[in-house]
Amino acid sequence: MLKYSRHHQPENTTVEVGTVSFGGSHKPVIIAGPCTVESEEQLLKIAHGVKKAGAHILRGSAFKPRTSPYSFQGLGLKGLKMLQKAGKEVGLPVVSEIMSVEFLEDFLEHVDMLQIGARNMQNFDLLKAISKTKKPVLLKRGMGATVEEFLLAAEYLLEGGNEKVVLCERGIRTFETSTRNTLDLNSLALIKLTSHLPIIADPSHATGRADLVPALGRAALAAGADGLIIEVHHQPSEALCDGKQSLTLEEFGKFMGKL
Amino acid sequence: MLKYSRHHQPENTTVEVGTVSFGGSHKPVIIAGPCTVESEEQLLKIAHGVKKAGAHILRGSAFKPRTSPYSFQGLGLKGLKMLQKAGKEVGLPVVSEIMSVEFLEDFLEHVDMLQIGARNMQNFDLLKAISKTKKPVLLKRGMGATVEEFLLAAEYLLEGGNEKVVLCERGIRTFETSTRNTLDLNSLALIKLTSHLPIIADPSHATGRADLVPALGRAALAAGADGLIIEVHHQPSEALCDGKQSLTLEEFGKFMGKL
Amino acid sequence: MLKYSRHHQPENTTVEVGTVSFGGSHKPVIIAGPCTVESEEQLLKIAHGVKKAGAHILRGSAFKPRTSPYSFQGLGLKGLKMLQKAGKEVGLPVVSEIMSVEFLEDFLEHVDMLQIGARNMQNFDLLKAISKTKKPVLLKRGMGATVEEFLLAAEYLLEGGNEKVVLCERGIRTFETSTRNTLDLNSLALIKLTSHLPIIADPSHATGRADLVPALGRAALAAGADGLIIEVHHQPSEALCDGKQSLTLEEFGKFMGKL
Amino acid sequence: MLKYSRHHQPENTTVEVGTVSFGGSHKPVIIAGPCTVESEEQLLKIAHGVKKAGAHILRGSAFKPRTSPYSFQGLGLKGLKMLQKAGKEVGLPVVSEIMSVEFLEDFLEHVDMLQIGARNMQNFDLLKAISKTKKPVLLKRGMGATVEEFLLAAEYLLEGGNEKVVLCERGIRTFETSTRNTLDLNSLALIKLTSHLPIIADPSHATGRADLVPALGRAALAAGADGLIIEVHHQPSEALCDGKQSLTLEEFGKFMGKL
């Protein structure tokens, strides 16, 4: 019997990250922060801002999966340490994307939650290595992956012994190109029915447009999402990555105020 | 300048159907009823039920666009008259799908709102004929149509002189097959930004599963939809069409109660 | 039992259009001509050119299904008559797209083969009306239609009494946007296995790029296609429609020479 | 300037694997063998068979990327050694899929060509590690990856210093489910125009059906493919993996005879 299924476990799983609880008392859990860690100063400004607005977890990538080898690849370990420091300073747990088993020890030391990105959803080697740890995991759906493949990727983690899995719907690739991807709330709602794992949505990557993030964030929560992950930048037009889809601190504050 | 655009008209258009107003004071407008008109008795039972639950408009197809020529094709004109009668009896305006210019006069006589189905979104002949009437139109997005094509189909109606256009997002076709289609709320939210036309969502066709309809209905409203169209049947397992995606009267009542 | 199926009829159907035979002795059948009939002069130039290069049937639209109401909509009945005249002059049968039952009589009089376009594949009203005639039909697959829906659209024609059906794969809509559509030769080969109807491919619409048309045309024939329909224009850069995907007469001649 | 582009290098790249040359004198290069190495006996039977039929390279996976953690994961290093031995015995170079940097040394020792599978096309860690070797690479397109992403994944290899890159189109994920994937020959032909890298096609994974493999294999070559990779099994119904899409040795022999 598949471990992700409600046939295996009817009641919701809750995943604790520091004092934050996915699928439990905090609903919705809001993860926020910049696409990528750019500098200590940038990160602190954003960290203070999202904390003040009510976010529960700070995000920021230090290792970036970039389509082109010539794009900025992230600050690496240095960026990871900055993230940890910023999280401590503002009192928020931190999550960051891990792309390679090689850096697993560093991630275990410096972050509170590991993110497996959409491009690595079926990097089975990475899944197996992480399944042997006890660190909470945010597993993003591949942009071309079916619900079944998504849940079976989670199964690799559960089967290996790591039960702290939070799923994330981040948009799928469709013929429609007016937005970057298509947020698939059908699948999110279906997964809530069939699986006990918490699931959140990423309206930033799903839409690729800051002006659509609030509407889609609200829609995801209405569909049953246990939380959201949102890109926020103090100066989106200056961001090294994904500026178009980043909310300003002010926009994020307004969005949080309405929740 | 395109007439559907907010550059042409910044403020929202409201479309009146009887005393119901899309994009205006009634928010959300709820259209409900069976997939297809099966008999006077069936229709009246459902009409009374959805009216009691708070629906604003009664739906029911008399002419059915069926993938197979051997599937039930609808009761035709007889069904249209039953729909009109049921609407009058319970005090709800009615909407029904028109598939052919041939029956336009009959539709103008018997229904309060014309529905152009997904398969006919680019039946330009039908669009042009309907653009010459003053009857409110519910224009559904084709399952393989882009946002631009959808809005330009509406433009055929506006350009021809009919400004009473309500759009309907009903799910697009994607690689994901765990649900019948993928409700595209990205596009719905984008259309709210760029067009002044009202837009509703059809969570029944978008999901194909009654157990997902409430969650996706709520999500659509949270994304900014001006209303919903929902299939309701007093005995879904006996329905001649789309039973799997129809709410029972009880389920519909519960859903409406929570709105 | 479905009439399109090889279970119903194991041997290939042949469809005769004038002296040309789809699925029979002419393999491959090449249909060529401009996207749209622009003038008598243009049409004759192209007609003479494609005839000389070895084409079997002349194409040209007089009624155009245009995404925007502001795009050129075709010359209408006048264009249809020009097409007939040009076909007679060069000695080729002609095919043109019919969008509305209203003009069926005119089409029956002026063309040798009716084309049902991708956007009208499920215009059941049109299918039913054409099924009552004896005119050969070229039925194009909808860009968002499954193989099953495509074959069931053909079934509407067969069931109504018109057995002269030639299918046409013209590309489906996918996430890949580097070409206009994605030519689906998997489906073409599958249909050759499961149906006795002839099927051709349209590499012009499938790719949207003249420089890819020859390669995809050859690929379609290698996959089992019974013919091709190719857009040819004497001055593609001046074409009123789809110039980017039109071969010049010289390019078409070269392509035909290599077949 | 991007290194994969014909702007960077107008003439075709040829990639040598043993005495076989992709993009050069051997056209088409045929890679054949079982989905997975099951046993020495199985492998030898198939290796002798495909060699006799004219294949140029032997394939066989020892490490399998399986959607479910409960599916057979391959024989691992033991399987890799069997493959090397079988290749030597019949005189064919061998290619096998590498999923993890951890085993790179073993692959460098035991195989003639590394395969990067569709799920790992954007495993940038793996790409970077392999870019530092001189081993020829077969890079498969991700099933949800665009042409641009595919070519930029190749760029990671080229930029890192490994110029022996052969691309492989293996089908993309679309709404059409009558075949496992949709072979995208539009993209293959487009890549031939824009890139100097050799590209082959995988009709086995693209269709998922043995009865469609020959037609699509021929179509790919007609579209300009430099070769094919085909799954062959002596007893497809007994195969531990992908039996439905495997040709028998007899079918493979017949296919090669017609090339």
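A, B, C and D are the chain letters, set down in written order, and residue numbers restart from 1 in every chain.
The rule is short, and it goes like this: a contact is a pair of C-beta atoms (placed from the backbone, for glycine too) under 8 Å apart; a residue touches a chain by one contact, two chains touch by 3 or more.
Bear in mind the structure is a predicted one, so any value in this text is a computation, not a measurement.
Chemist: Considering only mean CA positions as chain centres, point out the chain farthest from chain A.
Modeler: When every chain centre is compared against chain A, the largest gap points to C.
Chemist: On a C-alpha centroid basis, what's the spacing between chain A and chain C, in Å?
Modeler: Whole-Å distance between the two chain centres: 48.
Chemist: Could you grab the centroid distance between chain A and chain D? Build each centroid from C-alpha atoms only and quote it in angstrom.
Modeler: Each chain's C-alpha centroid was found; their separation is 33 Å.
Chemist: As a quick test, compute the distance in whole Å between the mean CA positions of chain A and chain B.
Modeler: The separation of the two C-alpha centroids amounts to 35 Å.
Chemist: Going by the contact rule already set, what residues in chain D reach two or more other chains?
Modeler: If we look for residues of chain D contacting two or more partner chains, we find 144, 148, 173-175, 177.
Chemist: Have a look at which chains touch which and call the overall pattern line, ring, star, complete or other.
Modeler: If you draw each chain as a dot and join those that touch, every dot ends up joined to every other.
Chemist: Given the complex with chain C, which residues does chain D contribute to the contact?
Modeler: It comes out as residues 144, 146-148, 171-179, 181-187, 189-190, 192-193, 206-207, 209, 211-212, 215-216, 218-224.
Chemist: Can you list the residues on chain A that touch chain C in the complex?
Modeler: Residue list for chain A touching chain C: 144, 173-175, 177.
Chemist: Can you check the complex and tell me which residues of chain C touch chain B?
Modeler: On the chain C side, the touching residues are 65-70, 99-102, 119-120, 122-125, 142-145, 148-149, 152, 155-156, 159-160, 173.
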